[in-house]
Amino acid sequence: MQGASKAGIVLAAGMLLLIFGLVVSISVGWTDMGVVSGVKSLFAPSTSQEHLIVTTLRLPRALLAVIIGAGLGVAGAIMQAMTGNPLASPQTFGVNAGASMAVVAALVLLPHLPVPFLAPLAFGGAVMGGFAVYYLGAAGGMTPVKLALAGTAVHLFLASITEAFILFHQHSTDQVLFWLAGSLDGADWTDVNRVLPWSIGGLVAAFFMARSIGIMRMGEDVAKNLGQHVIRVRTICGIIVIVLAGSAVAVAGPIGFIGLMVPHLTRLLLGRESQLYLPITALLGALLLVYADVLARFIAYPYESPVGIVTAFLGAPFFLYLVGKERRAS
Amino acid sequence: MRARLLLPGFLLIFILSVFLSGCGTAIQNAQGTAPAAATQTEPTPAASSEKRVIKHELGETEIVGKPARIVVMDFSFADALATLGVAPVGISDDNDANLIIPEVKGKVGTYTSLGSRYEPNMELISSLAPDLIIADLNKHKAVYDKLKQIAPTIVLNDHQANYEHMLANYAVIADAVGMKEEGKKRLDEHQAKMDAIKAKLPKADAKLKVLPAVVNPTGFFAHSNASYAGSLMEYLGLEDAAKSEEAYPKTNLEQLVALNPDVLFLMKTGDKTIVDEWKTNPLWQNINAVKNGKVFEVARNKWALSRGLIGSELSSEEAVTLLSGK
Amino acid sequence: MTRRQSIAPAFLLLLIVTAIISIGTGAVSISPREVVESLFGTGPKNHSFIIGEYRLPRVVLAMLAGAGLAVSGAILQGMIRNPLASPDVIGITKGAGLASAIVIFLFPKSPAYLLPLAAFGGAAVVAAILYVYTARKRVQPATLALVGIAIGVICQAGIQYLMVKNPGDVNAALLWMAGSLWGRGWEHVWAVLPWILVFLPIAYSLANRLDVLSLGDEVAEGLGEDVTRLRVVLLVTSVALAGACVAVVGSIGFVGLLSPHIARRLVGGKHALLLPVAALLGATLMVAADGLGRWLLPPMEVPVGIVTAVIGAPYFLYLIGREKRRGI
């Protein structure tokens, strides 16, 4: 009972913070407008420039942050549950790097490919990166260290290939780097429409699987004893992760560490198992990315910086903190 | 016990490499001047045996006579030589001859591609036995000593050059190839041409806010007033809409709407660019350039790569033609 | 056992053959006979110049850097007790990368010699942070690896920020990041050689103690080893080797990861044998990759770091797969 009320408080507070974050997000940017006029221009007559900026650029950008943040957070939570590994996330699992490589390769090799096909290609890359890391790290039990080392090795490899593509096609790709750092800058409704079906599908599927995922967190043996179809659960969860992370990369580039941090934050706030674990993880992921995206606008104001840099600067110390916690625990 | 025997074997590789290094130095001493000597076999006109000392970014270089086999390491230098009617023997063209604008290529004729501008092929440069090398400060300063061994080398700051710097670099190149007078004459012609182009600009178009920009599938990169293309526009009496110390700031649609240029010159890297997406946004219609129907596509190699007299004349002319509506 | 040991001279031979072929490869092609003649000073003049000035120093530098990175990786793998550790994975080369990106982007007019100095400084800073962790009592080597990874991520974010803010200069930085032997000459060989000559023998002298360490901390301590101190000495050796190499050739990946791995498969885990074989393999790999990079798309040169990654990584996956099947 107490757990439920705690989750309720977290949920309510998170929602409030998210709404506040969204308001800030649509109010700050190159064109100077205060919070009040930002909100006002949402409802202003459709001819005003401020109204157009807010409704066609800032609003989709803020929503994209919500969608992608939620997706990455849930993807991380599922990965941590499946592997029993606190360091698992799309970033550390090579999924982001694989998807990025696929997208850059497509930009270079298939310049006439329609944009909607980028997402499925990114899935392919994500599968490749994820499998490579699993393959390298899973031998004899996947310890956090093994996963981190395997993930970094695969990441470096895929990044070298991506670099090679950029170097040898510099006249068409030298500016892809901004995207490669992970960026929401320049998002519009097309991007939202492109990622939304995948994200909704992935999130809904994840919520349906919530019970199984919760059981898997207790370990494979327990799950088997509780009658879980382990292989089936793993396969479905793998697909969900690939879809959530891959579609995010296809639209916004590899934004790291949301998936690593958010599940831990959720556990920190909720204290113990809760039915609301996945929804709150999604909420916190959205919250984190929305605020990180606001921060990214201020690093080199008035010029934009990629949000992926912000999440990396937040995420790396968090990673160190997790390492320290692991050490104390063991 | 056998494992102990490995130590000598282990060290052998290093003795070997030291031995090889010694060998290499010996070769260097014996052959160091070989390529330079090879160029001397070409009969040089008596008139051009005078010595000139050329000041450049990394010091001074003495050049004797009129260099005949010149290697250039960027497009702008090829433009400068073409302006002077000199054909370089080698150009680092990123292995893509199409990046050189036809007007320059026609004057350059056949040449040897030296590969990437960032890592030009040193062996090829030396095998061409040049008697003058023109290099860029940013990209090639690390190999200046090696280039010097091959031939007299001048290093110019082309990478960060705007229109004015480009003219100064051009004058240095003219002096280096022994064509100071011709260079000046051609520069005067250039100035006259630019004045004529400027005069063609309708009076009403003066102080128009223009914005040259490179657009690719993921981004829109404005060429600000600090860039070559931007400074050229300002020289023509137009105004660059993007004022920045950064030469190529990444710009999103919101910023573009705020900059609100009256004219857009888009250099596309491929068929599909981010502008295709922006066109579907009502904000795009709010930009003056779009309202006025003054969004033009121009060639990137002409507007941003061939930074020289020929390139600047061509792009200025194109700008004015486009602005005056044919 | 003797069969295993006879592998080492065979690899020396392989290295020499690879080097001769590599010296002959490039935009100007030179036959192996001419290569040998030129090395003894009797070849045709123009080819001798190209060999003496460009290819030979590159090949020698490739050998030194390959050997240095391979031994650096072998030490780290032995010390962290994980075959996936290497100087690039635990952030040392990323530190060098961030420092060099700062020089490339923020001080574009700086003299050319500043770049390798800064790169070495960057590697040293990362090493210092790792040192602080290692010198602490009872720190698991695994923690060290994770700390290195996190530092690498922070450095990477910094590099990306600089690249994004300076889109015009990105290629110079990318080439450095990938690792390249372009334009390297004897002065670079002389800069790396002392480090290699000092620290490779030191590494070799630590071989037996690395064997002891691989038995686990308790066993090592039981055998009278001061584990923390040993680890610090190993870290310094490894970073000195990797730092010197990376400073001169850029952050070349996978040589440090792959070479010790192949060596371990061929000659087993005894470091007295493993280190020399790994060094020879690393040197061969680098020489071959550089030759391949010059041969693939003339007049373009494919940076050696990209070649090592593209041929190294799939082979690495294959190796791991085989080991898994054999249940090692």
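Letters A, B and C mark the chains in the order given here, with residues in each chain numbered from 1 onward.
As a working rule, a residue touches a chain if its C-beta (ideal position, glycine included) is under 8 Å from a C-beta of that chain, and two chains touch if they have at least 3 such contacts.
Not measured: the values here are computed from a predicted model.
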| item | value |
| --- | --- |
| Farthest chain relative to chain B (centres taken as mean CA coordinates) | A |
| Centre-most chain [mean C-alpha coordinates] | C |
| Distance between chain centroids, defined by C-alpha means - chain A, chain B (Å) | 41 |
| Intercentroid distance (Cα basis), chain C paired with chain A, Å | 33 |
| Mean-CA-position distance for chain C and chain B (Å) | 34 |
| Contacts with two or more other chains, residues of chain B listed in rising order | 221, 246, 250 |
| Where chain C touches two or more other chains, by residue | 164-165, 167, 171, 175, 300, 303 |
| For chain A, residues that touch 2 or more chains besides their own | 170, 175, 178, 303 |
| Footprint of chain A on chain C - complex, ascending | 82, 84-86, 88-89, 139-140, 142-143, 145-147, 149-154, 156-157, 160-161, 163-165, 167, 170-171, 174-175, 177-178, 253-254, 257, 300, 302-303, 305-306, 309-310, 312-313, 316-317, 320-321, 323-324 |
| Of chain C, residues touching chain B in the complex | 1-2, 5, 8-9, 12, 15-16, 26-28, 38-41, 45-46, 48-57, 59-60, 63-64, 67, 108-109, 111-112, 115, 164-165, 167-169, 171-172, 175, 180, 182-183, 185-187, 189-190, 193, 196-197, 200-201, 204, 270, 272-273, 275-276, 279-280, 283, 297-301, 303 |
| Complex contact set, residues of chain B against chain A | 94, 96, 99, 214, 216-221, 246, 249-250, 252-255, 257-258, 269-272, 274, 277-278, 280-283, 286, 300 |
| Contact set on chain A toward chain B in their complex | 29-31, 49, 52-53, 56-58, 107, 111-112, 115, 170-173, 175-176, 178-179, 185-186, 188, 190, 302-304 |
| For the chain A and chain C complex, residues of the former touching the latter | 87, 132, 135-137, 139, 143-146, 148-150, 152-154, 156-157, 160-161, 163-164, 166-168, 170, 174-175, 177-178, 180-181, 256, 299-300, 303, 305-306, 308-309, 312-313, 315-317, 319-320, 323, 327, 330 |
